[in-house]
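In what follows, chain A forms one complex with chain B and a second complex with chain C.
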Partner chain A sequence: MARTEILTGNYAVAYGAKLSRVQVISAYPITPQTSIVEKLDEFVESGELDARYVRVESEHSAMAACIGAAATGARAFTATSSHGLMYMSELVWWAGLGKFPLVMAVVCRALAPPWSIWSEHNDVLAHRDSGWIIFFAEDNQEVLDLIIQSYRICEDERVLQPVMVALDAFILSHTSTPVSIPEQSDVDGYLPPPGSRRKPFILDIENPLTHGNLTYPEYFMEFRYEIEKSMNSARRVIVEAGRRYGEITGRYYDSLVEDYRCSDADVVLVNVGSSSGDAKEAVDLLRDEGYRVGLLKLRAIRPFPFEDLRRICDGKRYIGVFDRNYSFGYGGILHCEVSSALSGIKVPVQGFVGGLGGRDVTVDNYVNIFKTLIDMADRGVEPKPPLWVGLREVV
Partner chain B sequence: MSIPIRSLTLNEYLLPGNAACPGCPATMGLRMLGKALEGKYVLVIPACCSTIIEGPYPKSSYGVPVLNIAFAASPSAAAGVKAGFEVLGKRDVHVVVWAGDGGTADIGMASLSGAAERNDDIIYVCYDNEAYMNTGIQRSSATPYAAWTTTTITGKGEHKKNLPMIMAAHGIPYVATASVAYPLDFVAKVRRAASIRGMRYIHLHCPCPTGWRFPSDKTVEVGRLAVQTGLWPLYEIDHGIFKLSDICKPLLDKRNRKPIEEYIKIQGRFSRVSKEQLAELERYVESLWNEIALMIEKSKTSGAAG
Partner chain C sequence: MEFRFHGRGGQGVVTASQLLVASAFKVGLWGQSIPMFGAERRGAPVEAYARISNTPIRRHSQVYRPDVVAVFDPKIMEVVDVLRGLKPNGIILLNSPEGKFEHGFEGFRVYCVDATGIAVKLGLYFAGFPAVNTAIVGALARVIGILPLEAVLETISSIWSGKVGELNAEAAKLAYNSIGGV
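Here is the complex of A and B:
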C-alpha cells in the first residue's frame, strides 16, 4: 500500500529518486535546491539507498559526473537551480546532444542581478533547445510522480534523452503538502532494472566505441535528426509511461497537457508550473459567475504538445498565455511558442507576464487575466504587446 | 625504476591511420599508455589535440572505449565513469583521463583539484605540450618562460605552473612526472599508478614539433634535452615519498646537467631568447633542483629511501 507523508517539493524529489533506485548521484548545493541533495545524502549514508554519491566542487562537474555515470549504463541523478543550472549549462547541452539518459530536478529560480532566490522560469527555458525533455510540476505529488516516470521515459529505447523536472522555488521546494508515496515493489515493477540499459552507448572494453568524436558536415545533421526523432517518439512514450503509472498508483498522467474545463470554454489560458492551481481556482470562481473559461496546463515544454494545444485552442474566442519568464525585446517565451504553434488557427493570443523573481501570483490576478481576455474577446480587440501582471509603478 | 621492452605487449591500442601531426609526442604517449595497461582502460578526453588524433566519425584510432567530454569536465566525468563502473560491479577497468596542459592546468584546474581532494579512483595523465596546440599555439599556464606562442609573441613573461607539485599538495597517493622521450620510464610509472587505488596523476612532457618549431624527427631528442638540462626533472611522489627517477639522479649535481642553450637552440619558439632571459631560465632550473634536493632530504628523514 502506498503511504501518505507530508513532504516539501524537495523531499518529494529525493523520495522520487530513491524509489527509482538511482545508482550515481552527483550534485552541488544551491538555494533552494539544497534540501534535495541533503536528503539524498542522508538516504545514501544511512544505507536506505544503494548509490554512489559523488560530492563535486561545482555544478559543471555535477553534470559531467552524471554524464560519465550514464555512459557506463548506470542510473544517474542530479538536481540544481538557477545559477547552478547556468554554470552547468555547457554540460547540460552535452548530455542532451550526446543522448545521455539521466534525470535532473531543477528548482526554478530567478537569475541575478539583482540577487533573488525566488521563482522564475528563465533558467529552465534557456535550456529548451538542449535536447532535454522538460516537465513542469504543479504540486509536490506531481514532482514525485514525474521523477519516477522520467526514468521510464528517458531509458526507453525509443527516447534515450535526458529529462528535466522543473519545480517552482519555495512555492513547491519548501512548502509541505501531503504526498502519496508508492510502494517500492510497485516502482520496481514499473521501471527497468537499474543499470540494465545497453543503448545508446555503454563504455565497454569488450566492445570499444568512441563517443563524441569529431564529425564532419557529411554526418553531423543525422546526429541532430536522431534527437528530433527521439523527441517525437517521446510524445507517445510520455503518454504510455503516464498511463502505466496510473495503473500502479491511481494517478494517471496520460497527456502532455492538463485540460481543465476547456472543452466548452470561450476563453482559455495557457499556463505552466505551480501557479496553475491558483489559475484553476480562478476558473472555478468565474464558472460560478457564468463565464465559460478554462485552463490549459502544459506539463511538458519539450517535446512541445503541438497537437493537444491546437486541438484544445481551435475554435476558442481568445487564448491567453501566462509567462513566469521574459525574453527581452520580444515577450514571454511560452507566449511566443504558443502563438507559433497556433499559426493557421484563427484565434487571437494575448501574452501576460508575471510572477518574476517570486512576485506573488494570486487567484485575483488570474481572475483579472480571464476578465481581460473576455473583455478583449467581447470588444473584438487585437492582441497587444505582453501585459505585465502585478507590476509596481516604477518610482 | 625501469622495465624491459620485451615485456611489453605487441598489441597496439593506438591504431594506425590516426590524424596526428608527424612526430606527435601525444601518439607516442598513447601507444605506451596502451601497452602499460594492456587495453584494460577507458579514456576520458576533453577538448585537446587527442580529440583530433582519434580521427573523425565514423572511425576512431583508439582501440579502447572513449568518452569525449567538454574542456573543463574530464576529471569529474571520469569520476562519474568510475562511480558507474563501481555500482555495476566492473572493478577491473581503469578510468584514464588523457588531457592536454590547457585542459589540466587552466580550464580544468578546478575539477582536477576537486577530483584530487575527493581522491577519485582515476588515473589522470596530462600530456603537456606547453601551449594550446589544438587551437594553434596559444600560451597556457604550462608554457615555459620566454617561449614564443601566438599570444606571447615576444616570449612568455611568466614561468610554467608547477602542476605536479600542486597535485602533490593535495596529498593524493601517486604523482609522477614523465617524458615521451623515456617511454619505458613512463610505462613503469603508469604500471605503478595502476597498482594503486585513488587519484593518480602523471604529468607527461610532450615536445611538439608543430608548436615548438623543431623538425618532426627530433621529438625524442628535444624531450631528452629537456630532461638532461634539468628543465624537466623526472620523479615520483609515491604515498608522500619523493623518489627521483634513476635517469635524473646524476643531475642532482649541476655539473652533470647539459647547458640550457642546447635545449633552446634547436627550437624555433626560443629563437629570440635574450641573455637576460637565458639567465632567468638558469635561475629557474637552479631553484627547481634546490627544491628537489630538499624533498629528497625530507623523504629520507621521514624514514623512507629517497
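Here is the complex of A and C:
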C-alpha cells in the first residue's frame, strides 16, 4: 500500500529518487543547493538507499560525475538550482548532446543580480536547447511522480536522453503538503532494474570504445539528428510511461499537457509550473460567472507538445501565454514558442509576464489575465507586446 | 481555512505551520504549509502561512485573507500590521497572559494563550529562548474547533521523541486547556 506523508517539494524529489533506486548521487552542498541532496544523504547514510554519494567540489563536477556514472550504465541523479545550474551548464549540454540518460531536479530560482532566492524559470529555460527532456511540476505529488517516470523515460531505448524535472523554488520546494508515496515493489516493477541499461553504450574495459571525440563535419550532423529522433520518440514514451504509472498509482499522466476545461472554451491560457493550480481556480470562478475560459498546462516543454497545443488551441478566439521568465528584447520564452507552434492557425496570442524573482502570482492575477483576453477577443484587437502582471510603478 | 503566523526568527514559526498541517492530516484534512524565506535573522519578524481544507488545495499563492492569525510575540504588532486582510469575525490568537489585549480588535474573535509562560514553566527552551510554538498550535487546535488535541499530541510525539516530545506535548495540552469561552 502506498502511504501518504507531509512532504516539501524537496523531500518529494528525494523520495522519488530513493524509490527509483538511484545508484550514484553527486552533489555540491552549498547555496543554492537544496535539502534534496541532504535528504538523499540521510537515506544513504542510514542504509535505506544503497547508492554511492559523491560529494564533489562544484556543480560542474557534479554533472561530470553523473555523466561518468551514466556512462557505465549506472542510474545517476543530481539536483541543483539557479546559479548552480549555470555553473554546471557546460556539462549539462555535454550530458544532453552525449545522450547520457540521467535525471536532475532543478529548483527554479531567479538569476542575480539583483540577488534572489525565489522562483523564476530562466535558469531552466537557458538549457532548453541542450538535448534534455524538460518537465515542469505543478505540485509536490507531481514532483515525486515525475522523478520516477523520468527514469523510465530516459532509460527507454527509444529515448536515451537526460531528463530535468523543474520545481518552483519555495512555492513547491519548501511548501509541505500531503504526498502519496508509492510502494517500493510497485516502483521496482515499473522501472527497469537499476544498472541494467546497456544502450546507447556503456564503458567496458574489455571492449574499449571512444565517445564524444572530434567529429568532422561530414558526420557531425547525424549525431544531432539522432537526438532529434529521440526527442520525437520521447513524446510517445512520455505518454506510455505516464499511463503505466497510472496503472500502479491511480495517478495518470498520459499527456504532455493537461487540458483543464479547454474543450468548449473561447479563451485559453497556456501556463507551466506551480501557479497552474491558481489559474485553474480562476477558470472555475470565471466559469461560474458564465465566461468560457480554460487552462492549458504544459507538463513537458521539451519535447514541445506541438500537436496537443495546436489541437486544443485551434478555433479559439484568443490564446494567452503566462511566462515566469523573460527574454530581453523579445518577451516571454514560452510565448515565443507557443506563437511559433500555432503558426498557420488563425488565433491571436497575447503574452503575459509575471512571477519574476518570486513575485506572488495569485488567483486574482489570473482572473484579470482571463478578463483581459476576453476583452481583447470582444474588441477584436491585435495582440500587444507582453503585458507585465503585477508590476509596481517604475521608481 | 487559511492561517497566517507572525513571529520572530527562532520562535519556530515555520515548524508551527508544519505541525498544524500534519495534525490536520491526521484527522483526514488536506493541508499546505508555506514558509516565507528571506534574509531572516534571529529576532527579526517572520511570517508563515498554512491552509487546511476538506479537499486537496490547488492554489499555491500566499495567504492574503486569513481566517486565523497567530501572533507569537505581541510586541511584533508595533511594527507589523497583524490584522492585514483578516476576515471579519476572524480569529486572532495572541501569545500573552489572558486579557491583556482587549482593545483594537473590534470585529474579530480574540484569544490569548500564555505560551511563553507555559514554556518557561516546563523548562522548554530552544537555543536559550522559550519554545512557544507547540503551545501555540495546541491553542490553535482549541480555537479553530476542527482539530482534536489528540491529533496535535500524536503529531508532536511523531516529530520529537523522548523528553523533548513529552514536554512539547505537555505544552500543547496546557495551552489547549488554558483557553476558555470558545
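Keep in mind that, in the parts below, the second predicted complex is superposed on the first by the 391 of 395 C-alpha atoms of A that agree within 3 Å, B and C clash if a C-alpha of one lies under 4 Å from a C-alpha of the other, contacts with A are read in each partner's own complex, and residues count from 1 in each chain.
Definition applied: a contact is a pair of C-beta atoms (placed from the backbone, for glycine too) under 8 Å apart; a residue touches a chain by one contact, two chains touch by 3 or more.
For clarity, every value in this text was computed on a predicted model and none was experimentally measured.
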Looking at A:Met1, would you say it contacts chain B, chain C, both, or neither? Reply first, second, both or neither. neither
Quick check on the superposed pair: does A:Ser61 touch chain B, chain C, both, or neither? Answer first, second, both or neither. first
Touched chain A residues, chain B compared with chain C: B
Would you sort A:Glu281 into first (chain B), second (chain C), both or neither based on which partner it touches? second
Contact residues common to both interfaces of chain A (with chain B and with chain C): none
Residues of chain A defined as touching chain B within the complex: 23-24, 26, 50-52, 54-58, 60-74, 76, 90-91, 94, 195, 203-205, 207-216, 219
Listed in rising order, chain B residues that touch chain A in their complex are 39-42, 44, 51-52, 54-58, 60, 62-70, 72-88, 90, 93, 110-111, 113-114, 117-118, 120
Which residues of chain C touch chain A in the complex? 18, 21-22, 25, 30-37, 56-62, 64
Touching chain C in the complex: which residues of chain A? 4, 6, 117, 139, 168, 170-172, 174-178, 274-275, 277-278, 280-281, 360-363
